[in-house]
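The following pair of complexes shares a single chain, subunit A, combined with subunit B in the former and subunit C in the latter.
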Partner chain A sequence: MNQHLRQIVVFAVLLAAAIGLFLLDFTTGATQISLHDLFLYLTGNENSEVPAILIREFRLTRVLTAIIAGASLSVSGLLMQTIFRNPLAGPYVLGISSGAGLGVALLVLGASFFGMNAFQTGGGLMVVLAAAAGAGLVMMIIIAASLKMRDNITVLILGILLAAVISAVVNLLQYFADSFSVKSFVIWGMGSLTALSFNNLSILIVICIPLIMGTIYLCKPLNLFLLGEDYARVSGVKVHSLRIAVFVITCVLAGSITAFCGPIGFIGIAVPHITRWIFKTQNHFVLIAGVVITGAIFMMVADIISHSFASTGVLPINSVTAITGIPVIVYIVIKNQKNYF
Partner chain B sequence: MTVAHHIATHYLSVGYGKHKVLCNISLRVEAPSFILLAGRNGSGKSTLLRTLLGLIECLDGDIQISGASINAMTALQRSKLIGYVSSKPFAINNFKVAQVVATGRAPYTNWTNVLNNNDKFLIEKAISDLKIENIADKKTDAISDGERQKTMIARALAQNTPIIILDEPTAFLDYPSKKDLITMLQRLVSEHNKIVISSSHDLDLLIPVVNNIWFCNKQLVYSDTPENMMQYDDFKMFYNK
Partner chain C sequence: MRLSSHSILFIAVLCTLAFVSCKQSNTDTHSIEALTNYAARGFEIYPTDNGYRLRVLNPSQYSKNNSFEYNLSRNSQHQANTISIPVKNVICCSTTHVAFLSALGQESSISGVSGGNHIYNYNLQLLYQQNVIKELGYDNSLNQELIISLKPDIVFAYGIDNRSLGNFQKIEQAGIPVVWIGEYLENQLLGRTEWLKFFACFYDCLDMASKTYDSITNCYNNLSDNASELYNTQPLVISGLPWQGVWYVPGGDSYMAHAIADAGGKYLFDNNSQRESIPLSMEELFDKAGNAKVWINLNNIHSKREILQSDSRFNKFEPLHSAGIYNNNKRINENGGNDFWESGLIHPDKILNDLIMIFHQNDCPDDSLFYYKKL
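This part shows the complex of A and B:
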């Protein structure tokens, strides 16, 4: 009971922090927009100084994207760490983000051969589908490998090698593509929370939120899976179905975020560990809610950092998450003698 | 529960892929019964147990549990019939011993995994049967291998199945704990009408108390009472070694 009370308090504190960061992130950026402007916008009042379109398309969309990207990547990282029984699993490390990148590259750079720009003509949904398909391809290879080779390190190395092959293929595609497409692809590759329109964001919301909610149904089997595959099966878990469910959810979550925001690294690995550490539990019922809010916080902090140097423009979000996320991962690797799995 | 639970195998072959470890196994056991699965290292004991559990597929033949083929059952149906204690120590931290024991109730809870009073009663009873009350609140990384073993046995008891399969449950235990465990398994059989199948190398402790011995030798499984088994040359050689 004591532990439950503590977890509720921690959750309340995180929620308060998230709301604070939401407001702070909202006011951070090149244009001065105050909370009063947000209040006027939300209550539907006229605002002569800041047009509503600026608030909606630029600021609100960016902050909500940060929240949903942080939450989605963290959830897919958590699911992958449990299913692979590997503390270093995550959509970025295992090459899932690279796979999504390959899908996008094939679409964007491929479209350039026909004189089109996929980001503009194909529309958001095409990019999502391409990214999810690419992510699914890599995930299938990784799952097949992890069934054959029970060794965690081998699977990680395979993920890294796959990412290397994919980046080589992407380089080749870039070599042959026209400069305009290459530029838009390279910028996409740096990661950005600002490239989305409000319509793109609504696609993300419609895809990601139901999937994240759906993972609550997986909490019980995921908890049992922590005891090992045999114990999960003798406890009545359909392990095969669980793997497929996790496979689909992680690919679509990581794939769709990657499609719109670029490959954002290290959130997926780092946030589940931070969450286990603050909530002191392995219970997925607590962890799912925990990673959603911690992931959102992590991403908003990264977004605030990337916009705090407004005089020089916006820093690539990928660099910010790497610089803030990698120390956490280094800490995990060093401390992993007391392993989680 | 008037019908006695039973396990029957018909010309069963077990193994991995093309490699058959044991062939033509036709065994039958009816509750209550305490069975010792004996045999040398690598003779196929674990493979047979894992096949009985439905963890690996039968290469040939069929297993019937209380009249139903194991292949026709869902994982959930099986989990209400057979409990399992693996020989491999599990490696999971950040879990309390009591929480691990509680996972034994998973087949009976809904997706929210909320435990009712009966669940809680069975969990507490399993913990006290194994005498691990003192470590119930400890994290699993702070206990010994033997205590982990007892935790997983308690977990299988909490599952409250008519059949319990244990793969070398005495391996990590000290001598008094071995004797306690065997006494407790005996009680499960005599008082609760269960079928207990346990592989073990502690023959001296188990032979006096079991009803039957299944002996894995040269790709075959021999089944007989301990008295008759002692007449069998291969078993005598194995036992005296």
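This part shows the complex of A and C:
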């Protein structure tokens, strides 16, 4: 079988798996909701015993959030790994997660310092805005730095240093905050796909889908970039513009997901590796589409696991992605000890 | 056989560890009979000729078969491994400890606290602001140097896990006894209150504390009996508020679940034997809590508007519109310190009275409640 045909078959299999997992994830949860209920809801039939709010605001929103989050973080991870030529790079390597964390910490823990709490100061939407503001601040610093600095590694180091400084500030805030606020912050840090309302999800879709689709225009320059920066430049790629475009897309994708769902680790690092392994290619035209579908699958599997223990509650999604993601990445690293970059 | 210096050192360390371990758990308490506790499960008091021998059982959330013993003596000046009572200078690592000392009239013995700005007690808050009572920080950030420099007779500490127990190792090495308090692990309101007797031993006023506790217990039981006799209906009760889509509800064997039952309510999640909070998806509450008549303990929320702000989906949550919603934050100070968690420990009868009023009086007015308020 030639490689092209093989890739089409793999895509078809992954798509079928994604559809199957969508249906399985939809029926997994504390409440008994069947596919028949989904069908009745989608066809506008009100005979279902399950209230529409459970289907729309909780189950459907949760599964669609898993798909969007998985796809967005995976695309971010792929772009970062290519632009930094580093297999360990991920969407959060530039300090975006830390920036979002700082925003939430200032709201949740800082408010506690002034005798208020996150609920009084605006509740769930404020947490989203604070995380977005924090991530946006770090993003602007990184982009400003990338305009000045030509070296990717310098930008990477700046991101790591920023994350360290932010972590210190967050520690200070935690030191002075009351236990309730610290607990709230810790829970935010565990990540959640269930915190979003359908309206929140709509915002996420409007931000993420166009950006993911826009990355198609970066595929050709990214493929050339893999052959070396000088080669790409000679081939007509505006390397500096490419780098800024990648940073902007990554920051907005990862920042939005973190703002709404909290930090979700390992998807961004693990999925690009899994996708390269499955498709056996470095071609970004294949990889972008591949990481979208694989990321969605990975996230839905994590979501199913986190809701399969309904009798004892819900497992934090961040822990599930770490527990499932790390063995996969270790297996791939050991199995394919070759350098993609 | 000739032992090397390393072997001798190794054996010496082993012997030291064995000695320390014995001190921690194997002191003989079988020859003396422990006083019977009414509801508390976390401590035992053994009266001795010159004082008390105290045993604390499993003082952290994850500890099993772990106990700590303390010998308290009225004439034990400079006696090793013995705490001389009454103590005059103590450190409290929780505002709940402050509440017990306040109930015993021993506030003046407190020289340092953790999280002092959350103390609700007015007099103690004043002393804290005047720096008479020092701030010591929390957990890893505990100011151990300051604790040691304050030269307390004892430190009342609590441990969530083994790591937090380790935070106090240096203080113990400095010769300051660390007394583990596990009142928060009790699964009855009266069990938490009974720790008053434990604290009283350090001030040699156990009789007074026992009488106070008996009076509180009588009051609590009378209220509970009256509630079950007077009211036939059991309103369905839910508790808590979700954060990031996860709703932490009290376990079916928690003190709040028992308090709801004692007040004549039917707790929605009473069909399990967990003491700790259970993380549930918000979806599950939307599915199961539609018929709830009462909704209590909503973290730091002050109004229905704030509930909606926390998550817009609550607009379609039936109890928001139909249930009586009451929060336990009627008495809070400007820093968010909540008296429910402070003096509420000593007044379970007042908490129970509030719950009975909330469950069985239609549109219960705020002025008839002590710790709760209607949202």
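Everything below uses one rule, namely that the second predicted complex is superposed on the first by the 259 of 341 C-alpha atoms of A that agree within 3 Å, B and C clash if a C-alpha of one lies under 4 Å from a C-alpha of the other, contacts with A are read in each partner's own complex, and residues count from 1 in each chain.
The rule is simple: contacts are C-beta pairs under 8 Å (C-beta built on N, C-alpha and C of every residue); 3 or more make two chains touch, one makes a residue touch a chain.
Predicted model only: the values in this text are computed from it and were never measured.
**Student:** With the two structures laid over each other on chain A, which partner does A:77 touch: subunit B (first), subunit C (second), both, or neither?
**Tutor:** Once the two structures are laid over each other on A, A:77 reaches no partner at all.
**Student:** Now for A:285: first (subunit B), second (subunit C), both, or neither, which partner does it touch?
**Tutor:** A:285 sits against subunit B, while subunit C stays out of touch.
**Student:** For A:233, select first, second, both or neither according to whether it touches subunit B, subunit C, the two together, or no partner.
**Tutor:** first
**Student:** Any idea whether subunit B or subunit C touches more of subunit A?
**Tutor:** Answer, by number of touched residues of subunit A: C.
**Student:** State whether A:276 touches subunit B only (first), subunit C only (second), both chains, or neither.
**Tutor:** Only subunit B; A:276 stays clear of subunit C.
**Student:** Looking at A:193, would you say it contacts subunit B, subunit C, both, or neither? Reply first, second, both or neither.
**Tutor:** A:193: touches subunit C, not subunit B.
**Student:** Where on subunit C is subunit A touching in the complex?
**Tutor:** Interface residues on the subunit C side: 115, 118, 137-138, 141, 243-246, 278-284, 286-287, 299-302, 306, 308-313, 316, 334-336.
**Student:** Give every residue of subunit A touching subunit B within the complex, in rising order.
**Tutor:** 217, 219-220, 223-224, 226-228, 230-231, 233-239, 276, 280-283, 285, 338-341
**Student:** Under the touch definition given earlier, write down the residues of subunit A that touch subunit C in their complex.
**Tutor:** Interface residues on the subunit A side: 29-31, 51, 53-54, 57-59, 62, 112, 115-117, 119-120, 122-127, 175, 178-180, 184, 187-188, 190, 192-197, 199, 262, 307, 310, 312-314.
**Student:** Which residues of subunit B touch subunit A once you look at their complex with the stated criterion?
**Tutor:** 50, 53-55, 74-76, 78-80, 82-84, 86, 88, 90-95, 99-100, 103-104, 106-107, 109, 111-113, 141, 152, 159
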